[in-house]
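Both of the next two complexes hold chain A, though its partner changes from chain B to chain C.
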Partner chain A sequence: MNGTRAATAATWMLGGLVGLCIATMLGLLFFTLGSGLASLRPGTLERITLADGSSRLAEVVADDGNALLLRTSETRRLGEGYERVRRGDVVARRAPVDAFMIGLGDGRRVLGIGDDAALAAAVGSVGALARVVEVLRPNALGAFEGAGIFLRRLARFVATPPDASNLAGGVLPALVGTVTLVLLMSVLVMPFGVAAAVYLHERRGVGARIVRTAIDTLAGVPAIVYGVLGLGLFVHGIGAGIDRWFYADRLPVPTFGGGGLLWAALTLALLTLPVVVVSVEQGLARIPSSLRDGSLALGATREETLWRLLLPAARPAVLTGFVLAIARAAGSVAPLMLVGMVKLAPASPLDGAFPYLHPSRQFMHLGFAVYDAALASPDAIRGVPRAYACAMLLVCVVIVLNLSAILLRNRLRDRYRALES
Partner chain B sequence: MSNSVTPAIDGGASVSREQAAGAAPALRTRALSLWYGARRALDAVDLDVPARRITALIGPSGCGKSSLLRCLNRLNDEIEGTRVEGEVRLGEADVYAPDAFVHELRRRVGIVFQRPNPFPLSVHDNVAYGLRLLGIRSRRELDERVEAALKAAALWDEVASRLDDGALGLSLGQQQRLVIARAIAVEPEVLMLDEPASALDPAATLRFEELLHELAGRYTLLLVTHNMQQAARVSDFTAFMHAGRLIEFGDTDALFTNPRERQTEDFITGRYG
Partner chain C sequence: MPVNPVTCDPLSSSDLLRASARRRYWRGRVQRVLVAAGASFVLLGLFAIPVYLVAAVAASRASAGVDWAHLGLLFAGSLRATACAIAVALPLGFATAMFSAHFCAPRLRAWLKPALEMLEAVPTVVLGLVAATSFAPWLKSHVATLLALLVALPALLLAAGFAFGRPSRHDGWLPLSVLPLLCAIVAFGLWLSSRAQAPWIVPASPWNATLVGLALGVAALPLVFSVAEDALFLVPREQTQAAFALGATRWQALTTVVLPAAGAGLFAAALLGIARCFGETMIVLMASGNTAIGGFDPLIGLRSLGADIALGMPDAAPASAVWRDLLVATLALLASTVLLSLAAGFVRARLQRRLHAGAAA
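Take a look at the complex of A and B:
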């Protein structure tokens, strides 16, 4: 009776904690996705009249109860339109149907009110000085038109390069950089991780103990330290050496002796190595020793047993390590700042020119785009929606990479399920 | 149930005994001792396993039966801290010779464990595993030999239509016969079975014992069993082990009806322990 009650309490507590974890996770996900998507939705333009008699056409971008943050027309400089007004000063708010907005390539938005002739005149005068990317009447949009604009903005955000200031336009290079980096990292980390796990599983000597200690220690090292290690070992060590031997004619301009995609991928590979090793080793340990004996008894050598039986049977664990490594790597930004991640890369490490992948080039990264938009732009409030949008995209990239790896693993795991029971 | 099987086996065994008398043993040990670290698991075992007969190995738990099997195909090499003294001969070959090719020896001495251990592969690939190790690549030859092995293990009719399904989906009895098919596919000279029927239900056990008789004509079988009646039913010769020593070896009927040693008698009459 008592035992039952205790078990019930423990069950509820565990269930509650699991529920809390799931709720936190979903909350984070929905917040990121929601904020990111909301930043792309066309907002209502309002004519705000204040107590002093002045009035301005603006979008209300934030409302904290005491004050409204307005974004009015920006004719000269990006960010000049932000204005904070006290709520008590506002005497009238209305949304004129004939308000229009002209979006420019550098992120500025010119607002106005008037009929189509007035709009055309405004587009003409603004368009003479800047590239017009979007013209709309946000207050007159139907549901479908609104959705169309939203999708067009999303497509432009994902599929175009940024404006020269990196404060407007799309994030395609950062997206490409992130995905290329993570994929290159996973290609580099898997052979080393699997080899180390096999070594630890097969050997029990002093060497294995040293390797195990080293890997456990690696797991506890702060991410930024990996950046320093990558800078010293890969960039200034190996990279500079490669330059001296193979690219001497180009010095002092570095080829591999500067930060680049390859060094960043290797740094991340070091960072994720413990994850892969632990996962693969556990997978190997789960394989019953009777299978090993069965293979040896048929005349297989240890190597044949490893390649033909143990590694194939450990494939789900190898893929679990792969999934975890990708999740860890896609979220690591700090170490990359030292080994080749830049705000604005002059050339993409992945392009149409042979050999298509240029591992020595610097690259852009979505994680850095979040940081850059949120903190490094001239005024904070303006960058936040862009930071949300970048964060949303980063989360989506991680989810897509993870889901594809998990699906792959599950397809394999079905074949081996009976082993685990 | 055992009554219906015993007469048939007795008939077969009486013929075989006469033939076996002059034949050279397939497997021979001389003063074979084994240590796990400081613990002595086998103590000067002299055993001649007659060719193409079923020899049962009986004895209380922990008496060294399984250790002996693992010595004969050098699987004990894989356990750290083991030490072997004495001689094992497979036909003419010295199993523990310094230049012995262990993997070739293991192929010649197949083993089937207590719990079936099919690999997490398809039925076909399980049986083909050892064949591929031999370097056989031709799809046709693999298919033919897989079919032959499965037929010899009395499993072909049940799995012919699902050769590409996972082996782990088979029943325990089927898995055990699959493991036997896998072992005999590489044409071993000796097939050792370590309590192969202990995980099976009575019906599957009965079937399994029939299979052993079919195999006995082609292979030398060495069967470890806890089941005295099974040893009496199935085997031509029986070896009784106790505390790492071979106490008595002889014709099964003689050993069970008229044991020479007191320990043997105590064990087979259930007075042991």
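Take a look at the complex of A and C:
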């Protein structure tokens, strides 16, 4: 009896740890998405009075229990308004309804209090020197107005390029760079991945065993090692060779001999190869053998069976592999830091000039924008909200891709179940 | 009109007859070559990495010798980060796998596996961001809280199980029914710690091995879970059912039949988890502080092999001594992870053979 008791208790512990996993996962997702969304929401402006009698109009950015981090008006340069005050020093906090905020194109915010005439005067004086992006009274916003401003900010964030400092403005080039990169990568990886999967499916024996081990091993190789290979072999080896042979007139300015879209896509193609192979091979293995035997019995050759029956039947699996590879590629940042991903690319790899896609150009990437905004910028605290906004976009893209892969796989399973019964 | 039963495309039998034998033969040859080319591309990709690295290191004419002391510090840093991460990933991963394979209600299990796959898909740069900018400031003053929760959480769950637990049909839904209790414990711990005047344990740096370990552990958890769960689920149902028939409870069946049979699979999961943590770059780069410090203290910063490569490689001139040292670091990273994953593959293959033989016998 006592043993049963102990076993039940142990089961509870296991269940609790599973619950902890679920909670961690949900917490992580909601925290990232929530922080990303919160970074775009207009915050309340407060007039904060300190014990020494001084007072300032500011937005409270962070509150760690002991101190408040304030962001006051920034009239000269971005980031000058950040100020840390001890909680004990704060005498009064109130949110005046007539406080206004003028958002500028370079990310600065000028704050003030006053009626519409004062606001117009402030806009006039600030607007003479910088581009005014938005003017609002955050404390007087209704729910609908607040949502409207939030949506407008989201649209601006997704659909406009950043300003020259890369600390403000949108992330359109990074989004375009990420999408171009993963599409080029999938064009490179899919034929090889499907071919390798077919090989594994068709052959038994030493060759297949070696290839299978190779796939398993490739899946375990750290991403950064692919980056080193990309930089050393693709960029400095093959790229420099191409430059010597075809672009000698432009040397020493590198064309393919510097990091660029093509080499990054090739590196990612190697990185995602195991994902595609495993997915397609599983799809092929799930096809009922009766289908295959029937085709062979009717006189089709193995090749005809493969092309006309097995591969079309495994189409959802191929699609699953494609989607999973894209998700994996969109989320991997470390190898790209070595092969052509830059903080601010001078020209987009995708533009209106012939041949439209420029595989030798450097590019921007959402994942790198996260890293750069949060840690690599000179004053990190300013960049954190921006990093979370980028992270939110990245997580959304990856989650949507993975969900569609899961749905595809389920559809595939249902189809075979129908076939077998 | 006959259709392909799977794709529902129209299928005419004359298609097959029209092609002459010769064309069919050649088409088959070409296709076989293409397929073999795809497979050899995989092999090429695998062998290109070590061949390039070894050749580049051997061809380097840098006059200075390899800085082994620095490399040793990096290796130790990677090991320390891995040890902290494994302390998180293994207990959670194994517990989740055991529960999912053996206790879980089928409907919950169908939901749990994709959910953890989703966790695996979260880009590591996002995990690094959360750890480095949001969790680090909290952890700086709450190391003691974290330790206390680590000890108290399983202990309180066990105690609650002793006090209130009755074996029931609904045990498969335990993770969800225990969730409020879990939240209550965590909230109470946080409330208690917020009342403390000064933190008991103060880490030397806000970015330290403990922080890295937590983030890295969460990143490695889905891999450990899926490999371990596969191994546990592979144990033939007949064996567990035989145990039930002999009067064993679910827990007894787990400890006496399933775990001994699938132990090797759990070992392989641990190896793969270690390899994953050892090679991870982005999380360590963002959350470790990147200072090359040796020692075993989990509360000081570290610099790992991967982070060193990511930071140093873009600026290193090819053919310089720094470049060569970075290539050696890459080689060390590659060798350790490949050895680990080969060992894991070997263990898994043997386990699979044995379990299949057991099922057939």
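Methods note: the second predicted complex is superposed on the first by the 371 of 421 C-alpha atoms of A that agree within 3 Å, B and C clash if a C-alpha of one lies under 4 Å from a C-alpha of the other, contacts with A are read in each partner's own complex, and residues count from 1 in each chain.
Following the convention adopted for this analysis, a residue touches a chain if its C-beta (ideal position, glycine included) is under 8 Å from a C-beta of that chain, and two chains touch if they have at least 3 such contacts.
Keep in mind it's a predicted model, so treat the numbers as computed, not measured.
When the two complexes are overlaid on their common chain A, residue A:Val370 makes contact with chain C while staying clear of chain B.
Shared-chain residue A:Gly241: touches no atom of chain B or chain C. In the superposed pair of complexes, A:Gly124 makes contact with neither chain B nor chain C.
Touch criterion met: A:Val198 reaches chain C, while chain B stays clear of it. When the two structures are aligned on the shared chain, A:Trp307 is found in touch with chain C, with no touch to chain B.
The larger set of touched chain A residues comes from C, when the choice is between chain B and chain C. After overlaying the two complexes on the shared chain, residue contacts for A:Leu394 are found with chain C alone; chain B is out of touch. By the touch criterion defined above, A:Asp293 lies against chain B but remains apart from chain C after alignment on the C-alpha atoms of chain A. By the touch criterion stated above, A:Gly88 is placed in contact with neither chain B nor chain C.
Touching of chain A by both chain B and chain C, each in its own complex, is seen for residues 291, 298-301, 304, 308-309, 312-313, 415, 419.
By the touch rule above, chain A contacts chain C in their complex via residues 3-25, 28-29, 31-32, 35, 64-65, 191-196, 198-200, 202, 207, 210-211, 213-229, 231-233, 236-237, 270, 273, 277, 287, 291, 298-304, 306-309, 312-313, 315, 327-328, 330-334, 337-338, 367, 370-371, 374-375, 380, 384, 387-388, 391, 394-395, 398-399, 401-403, 406, 415, 419. Partner chain B is touched in their complex by these residues of chain A: 204, 288, 290-301, 304, 308-309, 312-313, 415-419. Within the complex, the chain C residues that touch chain A are 4-7, 9, 11, 15-16, 24, 27-28, 31-32, 34-39, 41-43, 45-46, 48-49, 52-53, 56, 91-92, 95-96, 98-100, 103-104, 112, 114-119, 121-130, 132-134, 137, 153-154, 157-162, 165-167, 171, 174-179, 181-183, 194, 218, 221, 225, 249-252, 272, 275-276, 278-282, 285-286, 306, 309-310, 313-314, 318, 326-327, 330, 333-334, 337-338, 340-342, 344-345.
The residues of chain B lying in touch with chain A in their complex are 73, 75, 78, 80, 103-104, 106-107, 110-111, 113, 115, 117, 119-121, 129-130, 132-134, 166, 168-169, 179, 182-183, 186.
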